[in-house]
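Some notes on the structure that comes next.
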Amino acid sequence: MIKVGIVGASGYGGGELLRWFANHPEAKVVAATSKTYAGEPIGKAFGSLAHSDLTLSDDDLSSVAGCDVVFLGASDDAAMCMAGPLLKAGAKVIDLSASFRFRECDEYARWYKSEHKAATLNAEAIYGLPELHREEIKSANLIGNPGCYVTASILALAPAAKAGLLDLNSIIINGISGVSGAGRSKFCLDYHFSEMNESAWAYKVGGTHRHTGEIEQELKALAGEEFKLTFTPHIVPMTRGVLATCYGSLKSACAAEEVKEIYKSFYKAEPFVQVLDGLPITKHTVGSNHCHIGLAVDERTNRLIVVSAIDNLGKGMAGQAIQNMNLMFGLPETTGLQAVALWP
Amino acid sequence: MIKVGIVGASGYGGGELLRWFANHPEAKVVAATSKTYAGEPIGKAFGSLAHSDLTLSDDDLSSVAGCDVVFLGASDDAAMCMAGPLLKAGAKVIDLSASFRFRECDEYARWYKSEHKAATLNAEAIYGLPELHREEIKSANLIGNPGCYVTASILALAPAAKAGLLDLNSIIINGISGVSGAGRSKFCLDYHFSEMNESAWAYKVGGTHRHTGEIEQELKALAGEEFKLTFTPHIVPMTRGVLATCYGSLKSACAAEEVKEIYKSFYKAEPFVQVLDGLPITKHTVGSNHCHIGLAVDERTNRLIVVSAIDNLGKGMAGQAIQNMNLMFGLPETTGLQAVALWP
Amino acid sequence: MIKVGIVGASGYGGGELLRWFANHPEAKVVAATSKTYAGEPIGKAFGSLAHSDLTLSDDDLSSVAGCDVVFLGASDDAAMCMAGPLLKAGAKVIDLSASFRFRECDEYARWYKSEHKAATLNAEAIYGLPELHREEIKSANLIGNPGCYVTASILALAPAAKAGLLDLNSIIINGISGVSGAGRSKFCLDYHFSEMNESAWAYKVGGTHRHTGEIEQELKALAGEEFKLTFTPHIVPMTRGVLATCYGSLKSACAAEEVKEIYKSFYKAEPFVQVLDGLPITKHTVGSNHCHIGLAVDERTNRLIVVSAIDNLGKGMAGQAIQNMNLMFGLPETTGLQAVALWP
Amino acid sequence: MIKVGIVGASGYGGGELLRWFANHPEAKVVAATSKTYAGEPIGKAFGSLAHSDLTLSDDDLSSVAGCDVVFLGASDDAAMCMAGPLLKAGAKVIDLSASFRFRECDEYARWYKSEHKAATLNAEAIYGLPELHREEIKSANLIGNPGCYVTASILALAPAAKAGLLDLNSIIINGISGVSGAGRSKFCLDYHFSEMNESAWAYKVGGTHRHTGEIEQELKALAGEEFKLTFTPHIVPMTRGVLATCYGSLKSACAAEEVKEIYKSFYKAEPFVQVLDGLPITKHTVGSNHCHIGLAVDERTNRLIVVSAIDNLGKGMAGQAIQNMNLMFGLPETTGLQAVALWP
């Protein structure tokens, strides 16, 4: 049984890891930490775990000593501090922050307006998107786990980028997210039920969202060329779910069916990516680790439009993190991850 | 591996059974039927199962021949017809309709305005609420699986009824339900998102809801006396969840803490019922098989108020049905039912 | 043109007054104050008023000097301090807090756990429910404007109390409210969209909600007898709307149609109360000043069940306050209040 | 007092017209027709109008005889049949269908896959977007009233198109709509509350949405050049609201502030269009006739991104129709349209 530690377990990412691990036959959460709830039963932080006898520990390294794997649900700064000692102590580390997602520390600094504080570690970190980096993940000790918009966007565009179908500089990604993507602590009037309900808006318009760089990094690697894209996130009144609608000009005319074949072939062995005949619906993935992808070609304008849907806390966070863990520990990749989306 | 059949698998009850069974280590759905989707892959009925290779069969008995257990998600009439042949063929039957929930066929006829068509079978059916009928369920072949309001209400009032705390004729149950309780096919303008969203209403006011008789039946058996209660259901704009707020006059003054002890003691060995120190929140149970209960005493009026929360499709339907199956097949009661509620 | 001042204009009550006054042909908001937004255009507090050129003033008395009527959307303490000077300066005052809702200051102190600080003023305040106190309101200078649960509950029970139909001590009121009832500033994790959405719960269970005393006061006056009731509020995932489901034992058997006639007769001249043949739906009142009432008799238990629906910020707050103002200034009662509920 | 007739009054457009007219001081609905509810009080179709004494008439021309203006909320075919006789009888006609929105009947036929049946009338119809066609509307007798996506999109892009800022062929419009946009009768399982709630999806992906042609028509006229754009609509779980996020490549680098000045200048005299310093939020427009616009420039990719928000049933339908009526009858344009959005 793999001994699991979770740092920052009272946020949405931590809670979601606890939810998934309740059904994992080969791993058990033995330590979970929280600044806010240290010393309290986990049921205080999550009423959904009222029946659990797990107690939240102080939010420091000693709490997770002896764990085989530690999931870091902390700030970037905390993650950069904690990852080193944990690795030295022999634990594998899966980091949910942005700390270890960029191959180049400079690129991190550019998007996060802050110097990277663990450059050496970063050099050995692997980007935790199994569909693109499966083999490296298997032997990794430190994973930078991608976020929700990024996972949805890269999975939507990877086959097209790889196949060279698109004029990459034409790419526009229009993201729609549920409110849980804003996290549990970032709690402002905007997310008050009364104000958020029955409303929709765009934010960080104009290329300033930090996920942009991460998406470009992975697509560049696949396509082998430099480019810049536009990414615009939106928030709508639902709790979970990310829908990425991705637009790109086709280099040459190409029927939708042809593109679909390229996509189906690209993902044919993937347990968690389904290329649909129709279009994806976020709710079909809520609570699961699946990514659904649909696509069409706008023949009037010669654009490819790919739409992908995931649960931002599932494949967009905790589910993917466990998928990485399974790979790192030599388990079948789907172990403990076969949950079907809640419907309705 | 237990071979499972589901009749009427394209409704919400059927879909929920399929969702739960995806994580059940000792049982496997080998046949699922649907009038509407016969011959289609299950992904047509539920996009959440796009990755499944199960195909829906014609909606008749031959489709589920050879199953060890059959869950009936059909109409009352169909259930009364199908149960007999299935039992004869050696299958155990768990019926999700109202057909086998009443000890007295007359009582069924009174509430459902229709003669009972399988009186002999009804005599051997067991009411599938494990917290009250565990031992009988273990040896049962035919289960009448209770519905959502009923499960929430009975679990909220059983300890008080058993302990004789209440003037039973004073009982009023105020139920609040999510919209999925109306089912997938009962599709009228009332449930159109645009009209249902941001709205709340009461329905079947004045004692006409058919669940009333079922609640009375079980509480009478516990208390050993006749009585009549008032039950008023409400619908509010959420998908899943039932909250039952139950009022009853205390026979003699009794502190809330005292009552709470009686409740904690009554449910102390139950894996799926938690008596809280605070008050329950429906969302803490969504996607799980748990029932959360909280209570208070209104000292000004000497009333006990017990509030219970469940997922109407979990403990209120499919989760409970599988809990019954586990008992009938000698499995640990919690097998495959350890899912934690989705939060947020 | 009546010169209107609003103190505390950046809360939901203040915003709603501004919304209603935009369509009032005989009154104009000339001053609106806010601690948080002093000096800012109103569009900063409410994006819905981006087109308005009103600027928010400092939150003190001088800001509303010269107004014919001042609406106080402040705390109880502030209201008790400000009402006197405003009245002395010749303004009429309509107070949205609880300060002037109780005939007896002792009763206020009992429910609000705080001494009443303006007993002399309280003696001349009128309870602002036009359907019960129309004539007194016409000549009043100071109004204690009732809250949402209270308005819905009293309107639901007044005809029955007046007609002596009920055993008053049997009354149980089960209230359901949208989230805006919690106000704009009371901002805790409970109301975070992600946690509130898809959830329902009861709160202040056991007779501790402060609105209880206010409901009892008005029904006692109508019935001419002492009694105590139980009131249990619930919150559900919608923004606006209050549904009060009121239960009471009939003194003697009485058909629903008979009771309905009593209700229709009681409210026959009321422009804002509709006694329906069916049951009310909160959404039918959202954005309006209407109260919809429906009822049934549970013949098995001899209980009358009356259900009423209002918009908590309309008839439950700002609409009613303007209705009071119209009466105080000799205007037709419906002036500026003819808005139809938003549907869908 | 202008005598108003509404054909097809039991749909969302009709109901919204009735809501708006309740506050219009210069016009009165004297006839409203409905196939479904002919002979019934309007309260049957809309519970929000339970207090109204209007009765719905049979759905034919005689019902609206003698009206000064008739709003057609019927199918395209019915509108093409009815408009002629109504005009002949001296009524002005404002049509909510697509029948009279295209300058070229061929263009109508291309997008609607159906021959235009009233080409002569179409030649005299005016496109009812007051911000672009105010003077023609003033003297028009027949108006083709634009729909919701179209209004939001054209208002978002008109100033840029007029000023020649954009490479028009690069335009991508990503629309997000509330569910009421699907209408009251188009009632499929997709819009069932339980399935639509907590979900988001794209539809008609690949340039097949019929509004595309209408947007192109108006922008072409402003820019004076041919082009083709991509429009992708999305549906999210809210009732009202349209958000159009519009992307276009700038012909030459241009600071956001510069573009904003162009926009503010373009709309400076418009009572219902606000160019914001920040970004629009759909809920700030719900229930109103306002359009909010915000914009940014993505300097990395040299794209202009303009976001606009409206209420799809307000400025996107009924509010705009009344704005047209005001112009046609020489009333101040804002008469009866000053409602402020419901907040929260």
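Brief remarks follow.
We just call them A, B, C and D in the order they show up, numbering each chain from 1.
In the analysis below, contacts are C-beta pairs under 8 Å (C-beta built on N, C-alpha and C of every residue); 3 or more make two chains touch, one makes a residue touch a chain.
Keep in mind that this is a model prediction, so the values were computed, not measured.
Shared contact partners of chain B and chain D, listed by label: A, C. Greatest Cα centroid separation from chain A: this falls to C. Comparing chain pairs A-D and C-D by the number of C-beta pairs in contact, the larger count belongs to A-D. One simple way to say how far apart two chains are is to compare their mean CA positions; for chain C and chain D this gives 36 Å.
Centroids of chain A and chain C (each the mean of its C-alpha atoms) stand 46 Å apart.
Chain A and chain D, compared by their mean Cα positions, are separated by 38 Å. Multi-chain contact residues of chain D, defined as those touching 2 or more other chains: 12, 178, 180, 184, 192, 194, 197-198, 237-240, 281, 283, 286, 343-344. Within the complex, the chain A residues that touch chain B are 12, 15-16, 18-19, 22-23, 25, 46-51, 180, 184, 197-198, 239-240, 271, 274, 276, 281, 283-288, 290, 292, 338-344. Against chain D, in their complex, chain B makes its touches with residues 12, 178-180, 182, 184, 187, 189, 191-194, 196-198, 237-239.
Against chain B, in their complex, chain C makes its touches with residues 169, 172, 174, 176, 178, 192, 194-195, 197-203, 205-207, 228-230, 232, 234, 236-241, 243, 245, 247, 256, 279-283, 286, 294-301, 303, 305, 307, 309, 343-344.
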